[in-house]
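In the part that follows, the structures are each spelled out as structure tokens.
What follows is chain A paired twice: with chain B in the first complex and chain C in the second.
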Partner chain A sequence: MNVRRPGPVLLACLAALALVLVAAVLGERIAPYDPLLQDPARGAVGPGGLHWLGTDDLGRDIFSRLIAGAWTAIAGPLLVAIGTTLIGTALGLVAAYRGRTLDALIMRSVDLMYALPAMLVLIVVVGVLGGGYYAAVLMLILLVVPTDIRLVRSAALTQRELPYMESARVLGLSGSRIVLVHLLPNVLPTVVTNFLLDFVTALVGLSSLSFLGMGVPVGTPDWGLMLAENRSILDLNPWSVIAPALLITVTATAATMLADAGYDRISSAGARRG
Partner chain B sequence: MADLSVDRLTISHRGETLVREVTLRIGAGETVALVGESGSGKSLTARAAAGLLPDGLTARGSVVFDGRQLIGRPERELRTLRGRRIGLLLQDPFTMLNPMLTAGTHIAETLPRALGRAARRAEVTRRLAEVGITDPSVADRYPFQLSGGMCQRVAMAAALAGDPDLLIADEPTTALDTTVQREVLDLLTRLRESRGMGLLLITHDLRVAFDTCDRVLVMYAGSILEEAPAARLAERAGHPYTAGLLTAMPSVRHRRATLTGIPGRVPRAAEVAGRCVFTSRCGHADDRCGASAPEPRPVGAGHLVACHRQAEIAGLLSRPSPPAEKAPATAASGPRPAVARVSGLRKEYRVRRSAPPVVALGGISLTIGDGESVGLVGESGSGKSTLSRCLLGLTRPTAGTIAVDGVAQCVFQDPYTSLNPAHTVGFALREALGRRPADGEVPPSEADLLDLVGLPAEYGRRRPVALSGGERQRVAIARALAVRPRLLICDEPVAALDVSVQAQVLELLRRVNRELGTSLLFITHDLAVVRQVTDRLVVLYHGEIVEEGPTESVLDRPGHAYTRRLLASAPQETAV
Partner chain C sequence: MSALAFTLRRLGAMVLLLLVLSFLCFALLGLSPGSPEQLLLGTRPATPELLATLRAENHLDEPFLMRYWYWIEGVLHLDLGKSVQTQQNVLDMIVERLPITATLALYSTLIALVVAIPAGLISGSRRSGGTDRAVTFAALVSISAPPFALGLLLLYGFAVLLGWFPVYGAGETFIEMVYHLTLPSLTLAAGSAAVIVRQLRATVIDVIGKDFMTFARARGLSPIRIQVVYLLRNSSLPMLTMSGLLLSGSLAGAVVVEQAFGLAGVGNLLVKAVGQLDIPVVQALALLTGAAVILINLLVDLAYLAIDPRLRHPRSAT
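And now, the complex of A and B:
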């Protein structure tokens, strides 16, 4: 089977994510200014030679703050995606493979979690009780993981009844080996897609919290927070709002597109017929 | 009455030829079978004849029906032709009918519009009666409330509702049980005769073609290789491929000494352009065969053969091997120790908690001797798969005991899902070898196992996706044999395979039984296959064993009414 070369759209998505990743890792070291440096004399100026995207009302460089903000835009969502994928895949596989009581137990808990209004719970726990960014990350894992469990379980269920799974059982292989070696590789497309989509959910979720003034502390360079803080200077320097909004949108879109392409690729790379 | 005339029809997809220069003619009221293995292009040819080619496929040449050229005709005009003039019947009765519409609606759709409600209702009832459904309430049922045979009858009534002059039936009975298949084929023949309608039957089964049709066309890799009256083809096949198919077919009447499959696999039509398409698998090929594609040449009344060497090799073609000598040595050697003993096995399923349980197996007892090959036949729902699942420990029986001495292994029906697509063949075999019980002997290597089932050692590096159906089934057998089972349970292992490949797998299983001494429990619906591979036969009907005995005597002198019905339904290998 020939590996298709990624199309221009997919390449653009990969490039966008790579740029955000580089910015997150290097952060302030590649930023032209200190993202926290205030210069009230030069507050809320538009884009120009000195400040490419202008400054906010405290005179902080928007471009540098965007670069520094990549950290909270990447780190939290990545943690959420890793956490939900690990927990969701494990519980989904176990629920599908073991069935019966364990399945019922896991899936009824999932139903219960589904009944909770996720954003509301998040705002109450993080906003009202306090706890900051990493509490929000933890809550997001808890709130997103039911979806993963459901998706992985349903993908695993379609495989479970196939003859190759029964052959493995007839061979007398252990349950853990059947799940890890035989079941897992065949639900991998779903797992990888889940990972990327959870990343997107968390990115948008965390940014929304920051926008609402919860999560990251005031003053932190964070895309969601910048969106909120700079609304007052929208007429003086529109780029102070448009740029972080654009970055959130582009990053989320790129990850979603990648998830879509990733699913097609992995599931056609020898896993399925035709 | 109208006739269909296909002339030099070529179908291609993005420049790749799928069907090459097919010419066929169906006179008014004539029945013609188009026979071929999977990938031969037979279904595409039929679809082109109905003006129903899938998007992206282009047809060249000509398809003339009743004096009108169908190729290039706009969809709007084709639509008036389909249903009214050309009826179409497809393989899977369940997906062919719309699950949201009742049986009656399907039929009424194609009826002339001018009928009032009451008249339409009466007409639907009449049409249902025509296909043997006398219960008018069937008209109000949905497809999921009907059995496969019923669905196929409803589909047939719907296909015939517009009173077409030609019916195109694409594997109409493949998904049905033997007895139902017989009923549907008989019905098809009866309706065709009473209506004087033409029939184009697409099938992979030469026996069905011989049974039903006047004329048979054999298709391979997109080309027609031979065309002859059914009776003549059965006796004097002129093309090496047809001869090969006939020698690969087991017989329901007697066990053949050997079954010979055709080596190799079916090439894509595009790979074999400009030469005889059968060259790579033909034992008689010479330079000419690789240099140009042979034209069909007449060799007798209505008998055309597309083979360069037809005249030279006519006497050399392989013929079905004669009946084997009476009962093979192993079957005669008295009572043997049992490898599996089943007694009073009962299995019930509960569909809903409130509903009474469905009895899949009603307390059956069965013993499989060491080295014995036991056939298990029965229709779908007879409990044969439940029995095998209980033996394998995949399902817990409701009551009764099962004792299996040593390891039992299995080979399943669908070769495409029997192997884990994520792992290589070698991985699967090594994993199975790891489960082999220690017996003091040197275990075979991965290559030994592949060699045992007739595959080259380099297949170990391949993934299932790169293997054909027959090859996958061999790997599944090799994997099962890796743990050195005392009992190998084969659940319809050849039902999804083409005839030429089926023969190879059957021969392999027989060798496993004879040479390795592995007991076989062979589950199938095909009596010819059972005759070929098994010593003893068990007939299962509605969860009960209704007949049991040496395969030959059960098939030669069936005792139970159901066995007799099964035998009468089996398609004959020679034309009637």
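And now, the complex of A and C:
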């Protein structure tokens, strides 16, 4: 695979994510209708004329709801990815560089979290204790961070034994300098991949919760919730289900593809530098 | 680390994990919004007699740790309590719904293996060819897409548009059930199949250039033998490691897939119980699935020990 210039597939992924991001930021301002506006006389009609993708059973415009729904599809997952990447990278580097007690302590807690089925914990905890979308974001950070710690730690461990790390130590550089200036750039491919994959995990997790009716409040334009609401009108206006399902799938796939390609590109760029 | 020490450590870790898990499950009742009496009352009218009975039955006047002890004792005697909504025995409720979920799990595992193993082998041995690209892309989509989105797309395509499969329900007889559960199983299988394909493909690419492969071909061994004995065997270890992860992924997947296809399985029971704050049911399901995952992880670790001789001998310094 040619890793130097981004191929058409990669550009398409970037474009798809950029579009979703624009929709998330501008939201209702670029939507043709108010996503909450009900029109019972025009319930569950198919695409055409006034409504590009038709309406749901309350007569709300599907296209406008999709645009407005980009916010919960992007905001929560981004928060989760930022949180897990920051915490996971910091703890992973510390565990690898310090070793001994701290490493053991961090890794045992990671093992503990790892042994639990994350998505089920999310459903039970958020569903029973309540709190909705943002409680789910916090919970997801807690559940996903062990994976990041593990991956960053093992990437850092392979670096620790390399000559440049030893020379840095021999030169008497401070621990924080070695970790931040020398170690961190070399585990960057792992960090970037983690960020994107955590985004996907959070997108799937949050939209699943909304689909099950435990995420965003009823009525919120949200892709997962739309699928649950519109499943009953699948035969009347199939696009009310197909469009959000496709959007979630495309967004998640684009981010995964970027993660895959990004890892290859960054790690081979490092290899070329020598 | 000797094999015995390894096994003992894992067993110890498992017991500890089960304790933590059971404690968390029990704590759910105390942590839930509303008082325990209210939660246990469910939809019944609050008479002083009933409240007194509930307090006595659930030992609500005793300290937290004692109540935990009574609960655990019950669980060990297969007494998982009663649903606060229907007053039904929780274990009976779970057993009643198990056939659908179990069939779904087995059926999807079967599909995943039957599709993923040939796909992974072909894709890895004909790298960068048309098939490889198609398989890699399909795996990428299946690994990213949430199961309910994928399920509803399949439902529209095959059930509504083509009319090949039913839109709702699980059917009565076994044959009907297999037919009804085909689309849900396909949906659930997609994620696991994708993980297996990616793993297998990577192993094949890694192994295919090795000397023993060249020798095997030079000795004139049949391609089938090479594929099965050399490629598949070498990738069985990483696949085993992943099976714990695949299991917990499928458990969560089953919950949303059952919801997407309107199936009344165990996952649907969990969603309903969580929605109605039927805490005894949630506690029982969380405990059972958590324990299942912990147990499978232990078995995977031990199987690893049995298969890979390198682990049985003291490790040299890394």
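Quick note on the criterion: the second predicted complex is superposed on the first by the 266 of 274 C-alpha atoms of A that agree within 3 Å, B and C clash if a C-alpha of one lies under 4 Å from a C-alpha of the other, contacts with A are read in each partner's own complex, and residues count from 1 in each chain.
Operating definition for what follows: a contact is a pair of C-beta atoms (placed from the backbone, for glycine too) under 8 Å apart; a residue touches a chain by one contact, two chains touch by 3 or more.
Just so we're clear, the structure is a prediction, and the values are computed from it rather than from any experiment.
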Q.
I want to verify the contact counts: of chain B and chain C, which reaches more residues of chain A?
A. C
Q) Touch check for A:212: first (chain B), second (chain C), both, or neither? A) second
Q: Report for A:171: first if it touches chain B alone, second if chain C alone, otherwise both or neither.
A: first
Q) Where does A:260 make contact in the superposed view: on chain B (first), on chain C (second), on both, or on neither? A) second
Q) A:14 contacts which: chain B (first), chain C (second), both, neither? A) neither
(Q) After the superposition on A, what does A:242 contact: first (chain B), second (chain C), both or neither? (A) second
Q: Applying the touch criterion given at the start, work out whether A:75 contacts chain B, chain C, both or neither, answering first, second, both or neither.
A: neither
Q) Can you pull the chain A residues that chain B and chain C both touch? A) 1
Q) For the complex, which residues does chain A have touching chain C? A) 1, 111-112, 115-120, 123-124, 127-130, 200, 203-204, 207-208, 211-214, 224, 227-228, 231, 234-235, 238, 241-242, 244-246, 248-249, 252-253, 255-257, 260
Q) Which part of chain C faces chain A closely enough to touch in the complex? A) 13, 17, 20-21, 28, 31-33, 128, 140-141, 143-150, 152-153, 155-156, 160-161, 167, 248-249, 251-252, 255-256, 259-260, 270-271, 274-275, 277, 279, 282, 286, 289-290, 293-294, 297
Q: Would you pull the chain B residues touching chain A in the complex into a rising list?
A: 392-394, 408-410, 412-414, 416-423, 431-432, 435, 463, 465, 476, 479-480, 483
Q) Considering the complex alone, what residue numbers of chain A touch chain B? A) 1, 162-164, 166-173, 181-182, 185-186, 188, 270-273
